[in-house]
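These are the structures, in structure tokens.
Next come two complexes, and both contain chain A; in the first it sits with chain B, in the second with chain C.
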Partner chain A sequence: MTLANLAPTDVRQLLSVRRRLLIGAQEWLRRHAHTLTVLAPILVVTALVRGIGMSTFPRYVDDPGTYLSQAWSLQYEGTLSPYSYFYDHAPAGWIQIALWSMLTDGFDRHDSAIGFGNECMLIAGVVSTALVFALGRRLGFSRWVAGLATVLFALSPLAVLYGRWTFLDNLATPWLLAAFVLALSPKRSILAGTGAALCFAMAALTKETLLVLLPALAWALWRNTDPRNRAQVLTVAAGAGALLMALYPLFALFKGELFEGPGHNSLLGTAAWQLAERESSGSLLTADSPMRDLFSDWLAQDKLLLLGGLASVPVAVFAGRLRPIALTLVIGWLLMVRDGYVPFMHVITLLPWSALLIAGAVHVVAGSDRRWRVGAAAALAVVVLAVAAITWPGRLAPMMTTRDVPTMRAAELWVADNVPRDKVLVVHDSIWVDLVHRYRFEPRPIMVSKLDTDPAVQERLTRIDYLVVPEWYVGNPSASPTLVEAHKHAVPVASFGDGSDGVRVYRVSRYWSP
Partner chain B sequence: MPALNLLLDVSIVVVSLLMLAVTVTTLAFQLYKWWRPEHNDPQRYGSPDEPRLPGVILVPMRHEESVAGHTLERLATLDHPDYWVMPIVDHPDDPGTARIAHGKAREFPGRVLVCPYPEDTDVHNKPIGLNAAVHRLLELDIPFEWIGIADAEDLFHPDLLRVVDYRFRRTNAGIVQCGVQLMNFSAHPSDLPMPEGRNPRLRRWWRANTTAWWRAANVLEYFKWFQSRLKLQAVTRVMPLGGNTVFFRREFLDALRQRYGQYWDEACLTEDCKIGIVASVLGYAVDVVYLPELVTREETPATLGGLVRQRVRWMQGFIQVFRAGEWLALPTMGQRVLAVYVLGFQFFQAFTGLLAPVALTLALWNKSPIVVALLAFLPLGLSILCVALDVLMLREFSRTFQVKARIRDYAGVILGAYPFQLVLCVAAVWAVARYALRRNDWVKTTHHGTHLPAPDPELVGGPR
Partner chain C sequence: MRLAPTLAVFLMVVAGCASPAETTLHPDPPARTYAALQHPFRGASLYLDRDSTAQRYETAQGAAWLGPITGTPQARWLNSAQDVAAVPRLAEDARQQGSLLVLVAYNLPNRGCTDHREGAPDPEAYQRWIGSLVKALGGTRAVVVMEPDAVPADCFDATRAATLRQAIGTLVDAGQYVYLDAGHSHWKSSGETAERLLAAGIEKAEGFAVNVSNRQTTDDSYRWGRELSDLVGDREFVIDTSRNGLGPPPDDPKDDKEWCNPAKQALGQRPSTAGDRPGLAALLWIKRPGESDGPCGGETTYFFAPRQARNLIVNAAWVDAPTRAAAGRSALG
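Moving on, here comes the complex of A and B:
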């Protein structure tokens, strides 16, 4: 064989690996140059807006601390929780956080665990943003329309606020978006279908409630498959996804904790409680329901994305590819009117699909290349962007400029300076990792959420010296009884902030024991 | 004994990872036809134009009185303007078949030509006959551009040669391998011949229902091999061939002879496998054509024992080819790795199927860390997925060939999946043992009427 009659692929093989990679990278850049000119600036701005000020805003809430303590426990103790794991959530979310920490020494790089959680959320947020763009393109949007969806998703004050908290939903979003991106792959290959199913399984293992979106993903995948390999794609995808998801119940089964029984936690027991017995948030349609209050809080942050997305659902009638996306959003809204428990961060699930549907409306209006339609679409896009430009900056500015240390963080620093390390502390979840990992309190502080819920904690509890919890915890009628009792025998020794968000450090009388 | 437990855990992890690799690649290989929609396009082979290349079909025959006449007649009337059919018959040893062959030669002058099996050897195997036939062609100065191989019971489709002719010219391949398909999967008794003796209906019913599980598995193996596996291997250019309905370009045969001094390796148990590897070494592409209406239809071995013997022979042949080391000359590292995988695949697959549940059981019994147990579960889970795909394949098979697959056929595929792995394992162990004991001969078993797609190199001693 002479050089002349080698195929181009054969010539490549003569080059060094490094050179081949270089050529490959150059080709990729050339092919995606247009995309990068649109997407790269959006991603940079997203990273800046979401990143600047994330250590001081928003205030600390419960869940991030819990998840970070579980990630910490996985990295340093090899267990899924520092307390007994009771299947409240599937563990993939904090497994990912722990893996990132193991790779990059996350808990030591930051001066607080919450800071590390913020970093994880920033990464997830930027990845989600890029994936919204990719999904927009797969839905047939032009680069500019996909860019519109991306901007709406990335910079909505609602998305920035909820995207900063270390919530499992924020980690599940990139997986869910990736699942749809792969499900709509133009290659329509088994590999893409399987990838979609595996990503969806990861999303569901990160936040199990996303399972309700399975019909939407299945529909998207079904629509996009080709009759020539549909049966095979769907079978392999379903099998692979089910296999990955099955690892969670199998984990419980192998531990003997799948079924309910005396003396141990169980996956099915917790699931039954979550599905049936958990207190309902009421329906969005009922005035004065907790759901309605929550919804007003969301709207106060941003009306454009939430209501615009809902208003755009009907455009799916005109564009077949948008229908599964619309279904995803509709399922999300139905959960809010069904009169069941809706978590505080449920809105995260609505945001990317709302952004895509608003952009989808622009896409549908533009339709063919007729000039007047393109003009109308451009006008619509300008209106949307104008509303955003008017309403968002006022909301975003405080998020990026607040310099006040969060009250809980201030309390943590005070405790670290003023409380002997051998005292028994009952603390808010969000500062637990820092007190254990950074300030080495021994015995370990007790997370307030576990005080009355974990039998092992109750068994070992002989005294409590300090309480470090937000005010609303103590005043809350459903608060832990041990906490309320301890509070009765305690005096405040330090105070940070005021109102129900304020945090006080209490010293508990040494003559009282639980 | 914590040390022992740890050792067991580590072995479970290693074995599980290996099994995972095998099951994932098995899935990937057997699904190649469906990787992307284009792989399964009805028009992917193009529509054949007028044939232009003269060729020859070689038909090695031995004690085939029952089928020889019919096969030769069919082969003589294929739709191609310029080809010869050359039955290879051992005249003194097998006068019956010889008589039939000569009869057909008289009936189809200019089409059928009998080649005598060489008399100067006591060994009787397929490669020797094929080599003799090629020499005979050269002696008689018969022009040919390709040579096809048919077994004595193979009924080629009338249009097959047109497609082969077209594919040779279009793809410039050195070899065109056409599909071979076992057909008799059904548990329905009417597909089996009525046995003699008492209660024939009952016995036939019993036989049909008790053998359907492995026949269905065997049929599906062919369905997957020829549609997917071989195609992927052709793309990657690491290619053991099937034994019949395979066509060689003259140019390739000449290159083969130049390099090795002979066309087919007369001492190899699975010379078709070897020739495929050699084609890659020599840089010739293989084209695989599986068109359902053109496949050569065959039957499974008559008994489970026959199936095992056939597998033992193939596996032993693969060991031989592996030891011969021809694959070391493949141009790229990737191809060499793939060659090891392809040659060892039968073994890997057999043991993976068998060990998957064992590993999980061991992990649970040993109270291994949960991560280990979950890892040990994955190969088993993927094996279950493979069974689900087999069910899908059976449905596809029944649609493609318009034969009815009944509930019990599906049940047979599901329930028979694990036992079939056991059977393959027995064959694998036996093959390794035979190889270790240097028993490289293969005595012809008494399974007449069994269709063996691989060649049957037999050592028959005694007077001739």
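Moving on, here comes the complex of A and C:
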């Protein structure tokens, strides 16, 4: 074989690997130069705004601690939870955290588990931000309009705040966005459709409540498929997605924990509890409902993204491609008025779609290339950005500049310095991993969320020496009766911060037993 | 996956910005320091006051059956300025006998939480009163049980805590042994009581008193006292066993007659300074048996009431049978 006989593409094979990579990278950069000039600065700013100050803001809440303890347990003990796994959430979220930790030694690299969780959320946030851009492009937005959606999603104080907490929703968002990106693939191939279904299954395995968004994804996929191969694409995609999703109930079945029964947790039992028995948060339409209070808290962080997104829903009438996106957002809002349980972090599910619809409004106004419409669209975009520029910095600044250590972290450090390692501690979930992994308390501290809910904990409970929980726990008998009882036989030995989020370390009398 | 290289760069930038956390929040309260314990009861004999109402009744009426009460050392209550006037004689008496005098300071402003005319008119007057007590005791070192019910009461607040803290300081600095009343095992929880005792300056006191004027059993009082002692730097405690021989009357929320001069009650264990259980300084008779709980249960005053004394003796397990029979037969004058 001589050089002359080779096809041009084969010439590359003669080059060194390094040279080939270099050429490939150059080509990639050339092809995406425009995208990168818009997206790269946004991603840099996103990483900075979300990353700077994340170790001191916001305060520690319990769910991140629970998920991180489960990721820790997976890595170091090979089980899905340090306690009896309760099926309260599908496990893909902390499996991903555990994988990242196994790859990068996450729990040892940081001086607190929450710090490691923050890093995971930062990565997920940046990836989601890039995917919002990609999805904007797939919806037909110009780079600048897609950039607008990306900025709104990335830098809204609401998104930064909730995006910093280690919530499963933050890990599910990239999968969900990826599912839509693939569902709207211009190739309309079976592969893209299957990818969309698999990503959606991952999203649902990360946060099972996202299953309610299935109609929106299915609609997007349906709209984007060619009638000639629609049946094949949908069948294969649905089959693949269902198969991946089925792993979860199959896992439960394998463990004999799918169906309810005496003496063990069950997937269906927990699902019934989640769906039917959890205390309702009330409807958004009812004044003084917990839902309304939560909503007010969200609005206090940012009105623009939430209300702007809702106000932009009607633009879907003018742009068919936006309709599944609008449906996603509408489902999210309907959950808030249905008078059922709405979790604290539900807002995370609303944010990317709100950003895309606001940008979608700009896109629709721009319409064809007529000059006056482009001008009007630009004016709209400028107004949106101006509102953001006026209202956001004041909210973002404290998130990035607070230097006070979170009260729970301060309490944790005090405990590590002052409490003998063999004492029995009941602790807030957020510091459990650190006390076990870093400070080696033995016997292991008891997570306050498990104190009264895990029968195995109650069975083994013979003594409690210290309590390390936020103040609101001890005054709230419904939180944990055993904790409230222990508190009656204890004195504070150190306190950090004031009010219900203040943390007091209590020492329980040696002569009391639960 | 196109993003991977860019991402890595951003993460490095962010990691570079992060600095090690600084603990800006310092714990409050700071670690407490407790005064060294003096153990005043160790090897001490308790002072027996022969000049009591019960003694005068016994002498006047020839009521020898009152012996179990009049022959047992009891605390002396100081409820007012006039009561302090008797202290120099008691102090002198106790010193000559070489026995330990136990006093009860019960004159805190608004001591019952319902009437500001009860107790000293204000915190300043109270401190002056404590000062007069110190003076009256002179060089005699006595045990002072501080202010029954003041700590567990609902009207306990920062002012009351500060008043008690100052008074404890004055007494301890003058060499007196202070036991701050903590309530009893079925009132406030040990945790809440501990917080209040700490607020009121227990670190400087010798310890606390349990079950004063109440009828909880000694075992239950000890269990509660031990729990509490662990929460307040292992301060020791005394238990009032004057009237707990039958334990607490049945708890009937509709009827509070039961706790006030109940029909069924008995003298408890005799005072003991053996301190034979960890944390326990002494068993004392702090409430004077036979004194009425107030206008209830057939009584009209707070003073000595022979019928109450008789009930206590008749039911007391440790009193010999002839004395109990004599008490039962006695016609009350």
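Keep this in mind: the second predicted complex is superposed on the first by the 492 of 514 C-alpha atoms of A that agree within 3 Å, B and C clash if a C-alpha of one lies under 4 Å from a C-alpha of the other, contacts with A are read in each partner's own complex, and residues count from 1 in each chain.
Here is the rule we use: contacts are C-beta pairs under 8 Å (C-beta built on N, C-alpha and C of every residue); 3 or more make two chains touch, one makes a residue touch a chain.
Since the structure is predicted, the reported quantities are computational estimates derived from the model, not experimental observations.
Participant: Looking at the superposed three-chain arrangement on chain A, would you call chain B and chain C a clash or a fit?
Facilitator: In the superposition, chain B and chain C stay clear of each other.
Participant: Just chain B (first), just chain C (second), both, or neither: which does A:126 touch?
Facilitator: After superposing on A, A:126 lies in contact with chain C but is clear of chain B.
Participant: For the three-chain arrangement built by superposition, which of chain B and chain C touches the greater number of chain A residues?
Facilitator: C
Participant: Just checking: does A:232 make contact with chain B only, chain C only, both, or neither of them? Give me first, second, both or neither.
Facilitator: A:232: touches chain B, not chain C.
Participant: Quick one: is A:29 in contact with chain B, with chain C, with both, or with neither? Answer first, second, both or neither.
Facilitator: Neither: A:29 stays clear of chain B and chain C.
Participant: Of the partners chain B and chain C, which touch A:317 in the superposed model: first, second, both, neither?
Facilitator: In the superposition, A:317 contacts neither chain B nor chain C.
Participant: For A:285 in the superposed arrangement: first (chain B), second (chain C), both or neither?
Facilitator: neither
Participant: Counting only touches as set out at the top, which of chain B and chain C does A:247 meet: first, second, both, neither?
Facilitator: It touches chain B, and chain C stays clear.
Participant: Quick one: angle from chain B through chain A to chain C, Cα centres, nearest 10°?
Facilitator: Given the fit on chain A C-alpha atoms, the answer is 140 degrees.
Participant: So if I take every C-alpha atom in chain B and every one in chain C after superposing, what is the smallest distance between them in Å?
Facilitator: Nearest C-alpha atoms of the two chains are 22 Å apart.
Participant: For chain A, give the residues common to its interface with chain B and its interface with chain C.
Facilitator: No residue of chain A touches both chain B and chain C.
Participant: Tell me, which parts of chain A touch chain C in their complex?
Facilitator: 28, 32, 40, 43-44, 47-48, 51-52, 55-56, 111, 119, 122-123, 126-127, 130, 403-405, 407, 409-410, 413-414, 487-497, 505-507, 509-512
Participant: Please name which positions on chain B make contact with chain A in the complex.
Facilitator: Touching chain A from chain B are residues 27, 31, 34-41, 283, 332, 364, 370, 373-374, 377-378, 381-382, 384-385, 388-389, 392, 396.
Participant: Please give the residue numbers of chain A that touch chain B in the complex, ascending.
Facilitator: Spelled out, the residues of chain A in touch with chain B are 1, 13, 187-191, 226, 228-229, 231-233, 235-236, 239-240, 243, 246-247, 250-251, 254-255.
Participant: Inside the complex, what are the residues of chain C that reach chain A?
Facilitator: So the residues of chain C touching chain A come out as 2-3, 6-7, 10-11, 13-14, 17-18, 20-29, 189-192, 194-195, 198, 223, 226-228, 230-232.
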